[in-house]
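Chain nomenclature is as follows: A, B, C and D, assigned in order of appearance, with residue numbering initiated at 1 for each chain independently.
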């Protein structure tokens, strides 16, 4: 019963097989290999973006911070949701890579940036000219940190606000595949057709060992990106092992299939929890994460049985009245099973102890 | 005939097997898994350094730049050889991670820092107090960019100069294993017993997909290192795949065996070249790289037959008188074969065309 | 009728006389002159802080940013009021000088940091360890951007919250003299006795051409400060002209007398406005700035007659119903006269046109 | 006998008078005053550059570092002479303001960059593409740190090398006036007509309290400069006091007259020293600094009598054989007198003790 995060899961067999396959003969380093070229083309095709430049890095923090550094000068600010990963979970990487830009926090339900709040925040910025940090860029996360999904129309609404102020827009797509299969649109519709300039196209949370693609729909800053990537220590010499993973991820829509499995699992878990007495959902379950509250005694049973997930916020205590609801985050991955979910639900509900669960890998 | 770099080679089967083995079940992310704990202990044991803190990153540039950032404040300088990787091949990563420190270039044969030149450079620094960049740290590379190896006594001589000025010393050990088996000493003798404070313990050039360990023999700056690593985007969520590689690398002295194979290959290649008419060695061959010059016609034959290596410096031309010597760099890896070498030597010498060569992987 | 800012005023004659006096003979540069030594001692005496280190710079932004850079590492955050000068009026200087630290915005009435809100903000920080920006430092402004003054007890309450989290506290004292004469306490009571670690001791807004002192009550980071100052281009070669100003400022309590005059003027202006029909004060007038609202027609009369002040917020319009109140900021300086104030009040009220006003200088 | 530096001198009476004159009434801050507008126009006229943007800062380090930050991205290098002020005397300010760019040191006699050496250095840069720091900008100093002066033709030769590599050129003109009157050309001929893009137009060393102008002949980066200046804490609120100084400096060619006086003094001192037995000049005396060597006993006599100047390099000792030559740097200012010089020469030569010297101020 592993719901702590989608990054605790193993990788699907196709990924390992691709790496084994890649491990033959000599190849030129630093992305100058055929697989890398093929992967870049495959992403251009998947996004219907023949002009786009595509680069691989190994962590989502690197992808986001490098992308934002190309969009926002040091003396400007990046507008993001106050619960965005770039604000809360990257130890200041955007500030570091931009050379000291600011992050301006914007509200909105379910960790989605509210377009009106964004417009107000932009309007408030730099009203005193040179004395203020300037307007830099906008970043949104899809799927969000609260498990919600922006529709293409919602993305376009954000981009319209940004465009009115002449600002570029970045999408943190650490869970892009989960958002996409949830929204039921094409990669292009979710990104550049809605106004996105740069995408962090996540692979790691959806089944890779550690590969993210940065897709620059406008190639103007491609060389700057390459220099920043190298200077940040994020250019891999044995690049083929990143490319092989990404190639397998794209092949036969594996990336979409993995995300569908994770989303389905989350939907089942969400529905199950919502049906329990005293339980409520905190956010709509639109991708692979479930945010729910239920009575403390259900948490005690689950955690005692070894179920892994986070109380959310983390500072709640298992000690106290058993009927008081505590809130939690549960994340499903490509390998979450129905058995796992059902066993977990029985635990929370107070049914008989679950049988051991086998996790594939 | 692949001598362009040791980073064009595939990884040995033990590494892939370890990754396959690691790919079962769920593990906590970000290094909070058992394999990571075991690997850190194994490195402490290998270096006889129970107090050391050990961290994994995926690139040598990240390892070096993060290490130097912990040793040198923004207003100080890092003393390095003028041909050091940190100076010539990292696109300013040390400057970026330190927040704008300077690199002071020091001379010395075979890319080894000359202790007297280092002492003079240190003495020259900060003679006008607050007006100057201050003394920060010393970094040396072992094996060097010219394929030479510092003995423990030579390392100690550098460290003595540094210590006299109260400066910490970093070792870029991208090819540490090659240096170690060449010098025939223990890891501890080559590092902290000789005065090294922080080591970039390379794995990638010696057979891993992309794993380097940073070993802080003095753990005082460990937490700072962790923050800098995260902030630099170099903390991996699925950390187990780095740890599994490093564990396999250390197991049964695989790392030393791989380096021995590369060094042996380089020795054979070096001896063969030195014996050719008109050929000379530019640096002693002490690790896995050979620097040699031979007549242009030999280069033309080799390159026509598809041999991969760099003219060094790169701006020499294959056009011109056939008997004029051109210099080159040739790097052997763990999988360089005797057949490959012999075929190459025959080509350079002008003998019969070589048979096809099979490279394992 | 100049109420736009205290930085539009000329300097008092004593300051110019001191500069004329200083302009004789040769002196060693960069602060190695007798006047500088004397000034540093005078500040130590004024603050009863014999161990303190004191440095002069020319702008408040430099003073604040250099001070914060010594207190907060790049991967941490500075807690400040959301309307603080460091947040709103320094174009990201704290982010630049710290190397990319964050500013965490805290609420509180009258631009004073609320201690409970501060405690909550600190408690929220770094709850996920290495993934988050860490706790760095606290900064408060006295007098505040809203013209309010922290009492020593209020400063101590902030410092107690900071100390409980082991955080240093900086005070932006751009209007320190105004705060001090308002609170009626000693410099020591307002600063280190209440827990302040570093003070930006302002001179410019209170009558100097451009001199601020940074007072490090704990001298441990003095050398770092000196290096950061030089590296930031803020070490003056002809330092005597800064020191001469500061010496005259301190002599015979000129600094306190100037602040008293400005505060008295603001009190008169505040009382006069409050007594007008339809007028309200937005903040208590405790230092030299008045924040008030009154009917639009009063603003139209005042601005038509050339009165200089800012509508606050700035985006209000003079066009519209005459009886609707608009809010404004009015700042008095050491040379604001009673005649000026009275003339202004008559204008706002709708009385006869004022006679020309003479401003000393 | 004050030859330590030109920054130990007082300011000429015209400067103080201008500041007294400026000290009347209220003016808008941050350069939004009439004097500032006038000064900017005056500099445009003096340089025949109606399109240029002009900004004032208070220190030469700020002028240089801000200018270079606008010309060179963080991942590139600034080519400078190895004895340039930006390399040796600014504690890494260029590295700080650029966000971590490198300085590449180039040789040349008399602290002038040698064009061929520059071309080689540029050619050597970035030969391995993304792995290397890139080519950024060139900076030269006129007059140089060795008291030599580039002619317009020599400036043009440097700029031609830079232009061939598409690099902008900055001139550190801390002693621009001294260079100009020495070369006998117009400001335009020395700068943009020869290919200079940005000039640090010094005032401080030539008689101001602390004012330098940055002249951007290409105004494209003006707004960026303004933001960097503010963010660096270098935008003065009471800007009028900078502008008043600069206005007086430009009026009636005061700046040229001051430089002529300093240059004349240096010429007299240089000729006098060169005529002494055992004395030699180390560099041609083309501006206001003299570099000469003479027997140690002459130094002992001079320093015993209180003459102020630096042994150059500084680590030479007054102890030792009296006839051994020691080298020294002597800098003349606008207020150096013939009496001072002659008294000094008599001391060095071993004549009768000098009478007291009166320095104006």
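Rule of thumb we're sticking to: contacts are C-beta pairs under 8 Å (C-beta built on N, C-alpha and C of every residue); 3 or more make two chains touch, one makes a residue touch a chain.
For reference, the UniProt names are A, B, C, D = L-threonine aldolase.
Quantities reported herein were computed from a predicted structural model and do not represent experimental measurements.
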Seminar exercise, completed: Hopping only between chains that touch, the fewest steps from chain B to chain C number 1
Problem set entry | Centroid-based (C-alpha) most distant chain relative to chain B | C
Exercise. Centre to centre, by mean C-alpha position, how many angstrom separate chain A and chain B?
Worked result: 34
For this session: Measure off the straight-line distance from the CA centroid of chain B to the CA centroid of chain D, and report it in whole Å.
Result: 43
Seminar exercise, completed: Multi-chain contacts in chain D, i.e. residues touching at least two other chains, fall at 74-75, 90-92, 96, 99, 130-131, 134, 227, 230-231, 235
Seminar exercise, completed: In the complex, the residues of chain C that touch chain D are 2, 4-5, 7-11, 16, 19-20, 23-29, 57-63, 65-66, 90-93, 96-97, 204-205, 209-210, 227, 230-238, 241, 308, 359, 361
Seminar exercise, completed: chain D partner, complex, touching residues on chain B are 74-75, 88-92, 95-96, 98-103, 127-128, 130-134, 314-315
Seminar exercise, completed: As the complex stands, chain C meets chain B at residues 30, 73-75, 99, 130-131, 134, 224, 226-228, 230-231, 235
